[in-house]
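Have a look at these structures, which come just after this line.
Look at the two complexes coming up: chain A is in both, with chain B in one and chain C in the other.
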Partner chain A sequence: MATGIKDRVAILGMGCSKFGERYDAEASDLMVEAYREAITDAGIDPSQLQAAWLSVAFEAMNIGPSAIPLSMALRLPTIPVTKVENYCASGTEAFRGAVYAVASGACDIALALGVEKLKDTGYGGLPVRSRGLAYDMMANSGTAPGFFAQIASAYRAKHGVQRDDLKRAIAHVSVKSHANGAKNPKAHLRKVIDEATVLNAPMIAEPLGLYDCCGVSDGAACAIVTTPEIAKSMGKHDIVSVKALQLAVSNGWELQGSGWDGSYFHTTRVAAKRAYDEAGISKPREELSMFDVHDCFSITELVTMEDLFVSPEGGAMKDVMDGFYDADGQVPCQIDGGLKCFGHPIGASGLRMIYEMYLQLQGRAGERQLKNPRLGLTHNLGGMPNQNVSAVAIVGRYGD
Partner chain B sequence: MTVGITSFGGYVPRLRLQRAVVVQAHSWFAPGLRAHSKGERAICNWDEDAVTMAVEAARDCLTGLDRSSVKTVILASTSLPFVDRQNSVIVKEALNLEESLAAFDVTSSQRAGTSALIQAFAAAANGPVLVAGSEHRKTKPGSEAELQNGDAAAAFVVGDKDPIAVLKGSYSLSIDFVDHYRGAGEEYDYTWESRWIREEGYGKLVPKALKAGFATFPFKPADVTHFIMPTPFKGAAEATAKGAGIPAEAVRDNLALVMGEAASAHPLVMLADVLQVAKPGDKIVVVGFGQGVDVLALEVTPAVTKLAPRIGIAGCLKNRVEEKQYTKFLFWTGNLPLEKGIRAEAEQQTAMSVLYRNRKSVMGLVGGRCTKTGTIQFPKTPFSVNPNDHAYNTQEDYPMADLPAKIMTYTADSLAFSPDPPLYFGTVLFAEGGRITVDFTDMSPKDAEVGAAMKMVFRIRAVDERRGFTKYFWKAAPAVGPA
Partner chain C sequence: MEAPMLIPPYPVPSNLSQPFWDGTRRGKFLLQKCGACGAYRWTPQWLCTKCHSLDFAWVEASGDAKVYSFSVVHRPPLPGFKAPYVVATVELAEGPMMLTNIVDCDPKDVKIDMKVKVTFDKVSDEISLYKFRPA
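Entry: the complex of A and B
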């Protein structure tokens, strides 16, 4: 009988590059930047790494196929390296690989690194890519904001929400993340904005304007994991351990079936339930200290807070407007700026979220440090509302 | 066996380019075009061509009919998207017709439409014939044709089951009268002097053909109820009718002011338009002109009153949106290279083997229906999508193109490249179950609403300009009811 991942794996060290328009850096430079911080933080020699996982989403304009680019960039000691891709949830997938490797006992210390170079396309937004020859023939031709804007139309219809009321609520989501991002030196976008700026911004995909969309960034993030016992034996204090690590992947029900109404993320609800069970959490609204969710678009964050069972269904707008998720609110969300402002180098994002939780739990988050956080949840979503990969991780203080 | 037209359908795209704006744009260069300022011409959306319009006209025509009975498909046009890939077979795939039928394209002359219809009567001996005429001709900016032409299609089923109009005779004259021509590989027509065309062409060849035709038809010119003679020359049809002894009131308006002339498809468009209002006993004469003349004589039967309601040309003409952006028309017809941005450079190659394997889904919008649970889904898959029973290998083909649909989610995407920004897309629900996430087309902002009624339409998904390949798929468009 499976017992789950809770407290079986500890984070030994983490690193994250500066996110943003890194016209100065190759993907290999970004990988090295994140890795050097992580290995210094872990306090180990590279020869102690026994396995590694690499996450990249847009490999074609990035590092190309295989895990070799990671092994080469870091000059890893010819260990097993696996490349993973699961849309925008790839970063959490790399983390999952490393965590499971340690939990299984297959190795003592494993590394997960995610990287993305998105700013070499010559145009804004995510790169255009194929989803397979047959799929492409039968798919719509919209963009990521277009896909996530669909949620807004269904959410409005389901809850009887006026367009302008929803616009204002999701504007607040972005205003809050900009305020947080401004305090994060590694964030891509560090400008405080007001509601009027969001509401008057150019339309990207109705009702999402420019400031409802996250930054498209270059960056890398890295985690080194081991067992809590090894971490302790290395003299580590304030150990952060993995409490839950869950993944739910659409099987086509939302896309092709008849039951989903388009107003929520089915997979997130499934993954959240599993994660709460694994971590032993029954009241997420009270028990969790902070969230870093996949706010690729402001509407995604708003709906996700319901799908994670923090806000009641149809109640996220009120919580958002009440400041429940603000930095000084009851449960801060996107304290590092989130995808919105820290930026979204796809393959790195899941690891970047965990990086922030790790810093916060160790009291090392600088100007944005929250008071005594105990448990943090990351939510990393890949794909589109109607077919996606939802990863939920919960990390907390070991021993709590 | 009495062979006749058993059904008709029509299609005119909803956008109507205002001639005045075109004339104004050219006023510095070609002030003489001012004579063509009146009215509007129908223009294809960017994702329409002669094939997609033929499909729409054919769907209208096949309203209430058993599609499996069609034994021949004929497509007539001088603006077909493929020179070598049978366009009529694309139409057949989109209509999800049986494989065991004959298909051919009729082209290379403005007489293609009437010649195809005459041949349809001959081919009807083998079973019902679906014949369509469709035109989306490219014209040079500043030409008279740019203003006179209109995009449209019409379709008929010809057979012996309850014909609504029977063929009473036909006559063809074939003479190499070159009023205009378009060499192989050329984009535009080369046109001779209009006075000569009017006097020597319409003025002499049509009367000659009418005289020879009426010598064999069972009714006299004076008995004609509807005289269909498309011509860009004002008064030419009236003069021809007078010369032939056809009553002046029988001359049909050529729809020049409301849609323009759809070239070789226009006689068929006008015929479809007539059949929507014709009464039993009406006698119709149709003239097609181009390297000779075709004349058809038809008589309407009482069955015309029993035909199921349809959109027809009249319904399409009502479903109109005024278009005043001349550059839009130029861009869409390949006459103006607007800056599309790098995002538009996405790879568009089509893997023919993949298209062939998936042709029913891609071209015919055929999904699956689980024989065990009744679950409807698109596309068909080995395991059913039903969450309570992922039954294996239980799905039978289920055509979904004609199922009524409504919007579940939508957006107007301004980031995506679209020749008609913003790109509307979303998920539509089919009334009987099943859903699809697709591009929307023919949208106005007011049409984007959860719950709005939509219909599926066969359109261009993208054009692989590098390889000259038009990619088709289905989109959702606001539903249009019968006229």
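Entry: the complex of A and C
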């Protein structure tokens, strides 16, 4: 009987490029920027890398097909390199590949790197992917904001919430992320904003305005993993280990008159339950120290707090307004600025979140450092509310 | 020289979805019905969502639905769409839910649980899009 991967794999080093409009850099520059920080942090020679995973969601934009772009950019020692794509969960997928390789005993040291270079489109949202059955059946009139905004309408209907009350709660979600992002030198958007700015911004898809939507960014993030035993033998201390890695992918259940009410993410609930089982967590609200969740839209973050079983169902608005998720709250969320402000280079985002948890757990998060964090959770969601991929990763101090 | 006309991208029928688009072109709203358990499904798929049977038939559905959730898109994904317009999830009388547009109605008047009926929008000789209007 499988028992999961808790504490079988340690993070040896991580790196993250500056996110933003990186017209100064090619994709290979971004990869090298993240990699150099990670390998210096790991303190190993490149020849010790035994396998690698590359994640990128829009390969046609500046990256190119196959795993060769990563192997070439890093001059990897002719090792197995695999490219993965799973929408916004792509970065966590690359991490999962490397972690499973080490957990299985196939490799001592493996690397995961995610990259995306999207700002050359000159467009704030995702490049349109017009083909494939799901998009064809929808005739492409839906936008990402248009799909996710429907979560807000369904949430209001289910919980009897007034439009303006919900709008104010999701505004606080964005105000908080901007406050955090302003303290992060690698973040794309570093500007403190107030509630009025959010409420008065141009409407994108009712009730989501400009500041309820994250944009896309250029950037890369990288992790190097090994076993805790090897990390210790290299003299590492304050070791951060992987407690759980889970992924749930829709199979169409949501749309089949199955009882899904459109106000939450089924896959996130499934992935979170499995991850808590794997990590041995029974009371996430009390046990987790911090989160980085997939705030593609402010409403996504709000309902995700319930889908991760931190806020009670229908209780996320109160927690948000009480400051429960603020930097000085009980369980800070998006302490690095989140997708909203750190930025969203799709293929790198999952690894970027783990990067922040890793820095926090090692006490290296600078101005953003939280007091004595022990367990951090990251969450990605890719696709539409009714059919998507959801990844949950939990990392924490080894030996706790 | 005239500027090229901007049109939204239209669906490309696949082996699986061709019967559906043949139906909308003839003004008929077809759904797959499982030959084993009788469940209707959406989007088109080879396997039944409920029982995994490969046996199915395309049958004419009522076209009746109600609004499950919706939003009003002010910024469309591409030029060629006329914003604002309503994107919605509707629950079909047969059970499945469907992403669509609500038309022939002021966006301000769309409500959750509102009864709607399928309607077809012929955009080319090959493709008639399915949309819903107040019933």
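Keep this in mind: the second predicted complex is superposed on the first by the 388 of 400 C-alpha atoms of A that agree within 3 Å, B and C clash if a C-alpha of one lies under 4 Å from a C-alpha of the other, contacts with A are read in each partner's own complex, and residues count from 1 in each chain.
By definition in this document, contacts are C-beta pairs under 8 Å (C-beta built on N, C-alpha and C of every residue); 3 or more make two chains touch, one makes a residue touch a chain.
All values reported here derive from a predicted model rather than from experimental measurement.
Asks: So, does A:Leu339 touch the first partner chain B, the second partner chain C, both, or neither?
Replies: neither
Asks: After the superposition on A, what does A:Glu206 contact: first (chain B), second (chain C), both or neither?
Replies: both
Asks: If you stack the two complexes on chain A, which partner ends up touching A:Thr121: first (chain B), second (chain C), both, or neither?
Replies: First partner only.
Asks: Classify the contacts of A:Gly252 with the two partner chains as first (chain B alone), second (chain C alone), both, or neither.
Replies: Both partners.
Asks: May I ask you to decide whether A:Gly262 touches chain B, chain C, both, or neither, giving the answer as first, second, both or neither?
Replies: both
Asks: Based on the A-chain superposition described above, do chain B and chain C contact any of the same residues on chain A, and if so which?
Replies: Shared contact residues on chain A: 125, 128, 130, 133-134, 137-143, 145-146, 149-154, 157, 202-206, 208, 251-253, 255-257, 262, 386.
Asks: With touch defined as at the start, can you tell me which chain B residues reach chain A in the complex?
Replies: 341-343, 346-347, 350-351, 354-355, 357-358, 361-362, 375-379, 381, 385-387, 408-418, 422-423, 425-427, 429, 433-435, 437-439, 448, 450-451, 461-462, 471, 473
Asks: List the residues on chain C that touch chain A in their complex, please.
Replies: Chain C reaches chain A through residues 8-14, 16-17, 20, 39-45, 49-50, 68-78, 81, 85, 87-89, 91-92, 94-101, 112, 129.
Asks: Under the touch definition given earlier, write down the residues of chain A that touch chain B in their complex.
Replies: 121-125, 128, 130, 133-134, 137-143, 145-146, 149-154, 156-157, 202-206, 208, 251-253, 255-259, 261-262, 386
Asks: Taking the touch rule as given, give the residues of chain A at its contact with chain C in the complex, in rising order.
Replies: Within the complex, chain A touches chain C at residues 125, 128, 130-131, 133-134, 136-143, 145-147, 149-154, 157, 202-208, 251-257, 260, 262-263, 384, 386.
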